[in-house]
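Paired with chain B in one complex and with chain C in the other, chain A is shared by the two complexes that follow.
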Partner chain A sequence: MARDDRNPTLLALTSSALLLPIYQGASADAPPEFTEVGVRYSRYKEDDILGRNAFGGGSERYKIDVAQFRMLAPVADDWSFALDVAWEDMSGASPWFVGEVAGQSPKVIMSGASIEDTRTEVSGTTRYYYDRGNAGLNLTYSDEDDYESKAIALDGSLNSEDGMTTYSAAISTADDHIDPTQGSVPTNTLSATKDVSSAWVGVTRIVSQRALVRFGVSYTYREGFLTDPYKFKDRRPDERKEWTLGTGYRHFFEEQNAALHIDYRYFSDDWDIESHTVDVAWYQNFGQDTVVTPFIRYYTQSEAEFFSNLADEEARYFADDYRLSAFGAFSYGVRLSHDLGNWSVNLDAERYRTDGSWGVYNGEVSPGLVDFWRYGVGLNYVFR
Partner chain B sequence: MGGPCRLRLETNEGVDATVAIAAATEEIQRLEHKYSRYLDSSLTSKINRAAGTGTPVSIDDETAGLLNYANTAWRESDGLFDLTSGVLRRAWDFKSGRCPEQSEVAALLPLVGWELVQWDINSVYLPRPRMELDFGGCVKEYAADSAAVQLRRHGVSSALVDLAGDMAAVGTPAGLEGWPVGIRHPEKKDAAIAQVWLPEGGLASSGDYERCLEIDNQRYSHILHPLTGWPTTQGLVAVTVMAQQCLVAGSSATIAMLKPLDEALQWLNELGLPWLAIDGELECHGSLR
Partner chain C sequence: MITLKYLTGLLFVVVLCGCETVQPWERGILAKEEMQWQPNVMEAQFRYQVYASKEASSGGTGAAGGGCGCN
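On to the complex of A and B.
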């Protein structure tokens, strides 16, 4: 609403007003008033690998069908409970290793036989809402043929007295078991475990009536079997320390009835991988019921210190996994959401394309780089 | 609430409109009972009765929040927005058609001054006998916002709370970008001088309308300057401001009314909220024209 939304008088008046209990009640730190349920179907489909990048000609790659159910319900005055269930069906071939014939560029050898797997994930979150924030406890259990994961997470937020700043923090830990399916390719282990622990702190500040900035830092520690069990030339350290710095800016444009979101993330780990992600999204409202959001993301990363297309199996650690190579990627797409009374429908489509030459870091270009499509449809209902 | 109050709402399927309306109405009544200076049982009367007695009056979070807001508005307006200035009405009878003597006004001025008020988050105290706090300068706007919160809580997604011109909108009417609001003509009682569209948020107006004196072609606004005890004679006739909160819109309009014309227009411009102001020549100014 403000044309010059940095006016200090307006900021002072607004922030003092927001201290009053009624305006706080109207803010996000109130439990949901009504039970909501939602279902969603989405598909992730990797492009076929090109014949020039694979021995044995082009091949289908991975595809995943995902069905999700979500329920969010108020419990008493200050609590909510959310249940999320997801079922995934995965199939297709993935790169087994990279090889080279003298005089030609390296090519991927695919796993051949199609891997079939299904995964079920059940996640429950309970959240308590207090005057100046909320706190949540989440338990997640995920099970698939070759993998089992149990995770617990705690998060909390606190709004400053003037309501203009929100401090958030989260910690989580997961205990994973890997039991690779035997048969399609020889595996790197018969059974293994890994633990992942993570901590995050962030701050969000309303800088004007129409804009906010956020900043966050996280640290993740992984320990255990971090090697890909299905990749022939893969032996990774059994420890990985990761740091991320993230920052974002949101601005609402009154005349356009739209919001611009810009986010940047820096990632660094002790495997020598460094990455930058830039996200730009335009949330365009049409009336009160429709939001169309085109978005674009750029991602670039450096290669892991032990990555090589022709993995040196004499070395202590090695990997030819394209996910550890240097590359750049663009993804772009659009999300649409429309409310119809108590119903709302969501549609989204995203295209992800990657190329060794789009990155800012030097390194060998992996022949296994992947492009994919992702699209989904969801339906929600609110019991008002 | 000192004028006609209206509630307009569009109901969604599954929303019990009567429950929502009852909750909003109750909320407005609650605030009226708590803050009206005309009711002996109100907190305001209790605070005013305790003036000069040496005993502070305990207050709750809501009242402390309103005092804190009033303090910010006082500071940001260089003393123009002052909850203690209501006492000046003892000298000004706008129905009488006469101006008070300067001596009558001067006698009241020692009772005006927000800086005298002793308050913290737990209590408030007016140190001089006969001093008065008057929440009228903000509570009607606050009540409009609070009623809107109640409607939202009860699932209403489209409604307009109108407390004698102080408005809070929940959503917009179906198919429209905002609520059509007519801005009253300062001289023609039932005519509109302009129409504006209020999207979700608050709108407040401050103006002379019938509550002003006109003596020897000199217009005396009913909004009294806390430092002089007299109305601003060279200021605006009426002003309407929109803000996310009706509370903010209301105090912005009040402050603008207390400034001389040029200063008022500049201040409103710099504030950055959508506004419409009418000067003594009935000319409209502002971004909502």
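On to the complex of A and C.
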């Protein structure tokens, strides 16, 4: 969609209480004026694990190719429908377990280049727009060789009478089934289930003619088989309670013709994990049709209470999964968006790097920490 | 850094009390695409999925959705 081809006054009048999107996906208090479709290709590629961190020398890790399709269409006067479809092709190797030779630091034993999987996800959202807000119903189905997930979500928002504040809420539940692929490595289960229930409430506030702020809190409850089926000796609790506190700020600088995005999230759970995430992005307009967006993200987390590089056979719970260790991560990248009439093209690239010493929490450093690249190209069309 | 969460709560109170009234016809800048919380939905969908599958934390911008075997 061209950014500045709409009459600003008309836009302001027709979107008075407007905007204040409640979260990703929702955007305004009026249905889209035109049908929009988009396609996108992304690649995710992890760096090889270094020889000093793995038995048997360095080896390739994981990569994913992703194709996405999205359509958003107005329906009647007050409704919209969005369809999202994603296809993923995954392959490579991941850490199987961590071992140690006397006198040396712990190293990872990789699974071998044994992972081959595909995933298809279909998600449909219908949304109703009323005078002072909107409400949506979302159904999502995801299927891959060893995993199936069915989820339903409801969300709604209500603007204050003066349109300065929007109150939002969302709830969701998911029913997941795990059937690990047999043959490459021994698995921790043959078949299992897990359920995820989640709730979120948020408040968005207009700060000035050029600034918005929002706050939100969420609670997520996971129950069932939360162990990684492919990681040797992995034994996790069958319950997890998570809380987040998040805030975001948007400020437009007229002189620079640019928008500043700042987001922060605090996360905590009953596995003793805490994390902080800070995202900063600068949306720089060049003329009417081009936006260049450099961004940077910092993430740090503490380790789970049952994380250890080396297995404690006596412990009830154990995980040597690097994702549950203490670490810090910096990522940075750039997005480019360019409009050509009814078309728009998007390019983006991101570099993500981790290190045990970059975090603010103490803990054992996992030899399995991952660095990766992510690239993408997308094309959108508006039927106007 | 732990104090960030308390600062967030304090900021919440300050902001709610201290905003200037912006009339509907003064909200054109706020409606710009680059002022939205998530301008590129498809890119964000995959990016958040990647973060959630490589870190122990997820969520915070809405209710959690469906899962995948990636985490």
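Please note the rule applied: the second predicted complex is superposed on the first by the 356 of 384 C-alpha atoms of A that agree within 3 Å, B and C clash if a C-alpha of one lies under 4 Å from a C-alpha of the other, contacts with A are read in each partner's own complex, and residues count from 1 in each chain.
The rule we apply is simple: a residue touches a chain if its C-beta (ideal position, glycine included) is under 8 Å from a C-beta of that chain, and two chains touch if they have at least 3 such contacts.
Note that the structure is a prediction, hence the values are computed from the model and not measured.
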{"item": "Touching partner for A:Arg205 - first (chain B), second (chain C), both, neither", "value": "second"}
{"item": "Broader residue contact with chain A after superposition on the shared chain, chain B or chain C", "value": "C"}
{"item": "First, second, both or neither for A:Asn342, with chain B first and chain C second", "value": "first"}
{"item": "First, second, both or neither for A:Ser184, with chain B first and chain C second", "value": "neither"}
{"item": "Contacts of A:Phe34 with chain B and chain C, given as first, second, both or neither", "value": "first"}
{"item": "Touched partner set for A:Arg384, first chain B, second chain C, both or neither", "value": "first"}
{"item": "First, second, both or neither for A:Ser91, with chain B first and chain C second", "value": "neither"}
{"item": "Doubly contacted residues of chain A, that is, touched by chain B and again by chain C", "value": "1, 3-4, 9, 12-13, 16-19, 21-23, 25, 209"}
{"item": "Sites on chain B touched by chain A in the complex", "value": "12-15, 61-62, 65-66, 68-69, 71-73, 75-76, 142, 145-146, 149, 152-153, 155, 157, 171-172, 175, 199, 201, 242-245, 247-248, 251-252, 270-274, 287"}
{"item": "Residues of chain A touching chain B in the complex", "value": "1-7, 9-10, 12-14, 16-23, 25-26, 33-34, 209, 287-288, 341-342, 384"}
{"item": "Chain A residues touching chain C - in the complex, by the definition given at the top", "value": "1, 3-4, 8-9, 11-13, 15-19, 21-25, 27-28, 38, 40, 42, 44, 66, 68, 70, 84, 86, 90, 117, 119, 121, 123, 138, 140-142, 144, 146-147, 149-151, 153, 155, 162-165, 170-172, 174, 176, 178, 194, 196, 198-200, 203, 205-210, 212-216, 218, 220, 242, 244-248, 250, 252, 254, 258-259, 264-267, 269, 271, 273-277, 283, 285, 291, 299-301, 304, 323-324, 329, 335, 337, 346, 348, 350, 352, 360, 370, 372, 374, 376, 378"}
{"item": "Parts of chain C lying in touch with chain A, wherever the complex brings them together", "value": "1-2, 4-5, 8-9, 11-12, 15-16, 19-22, 24-48, 50-51, 54-71"}
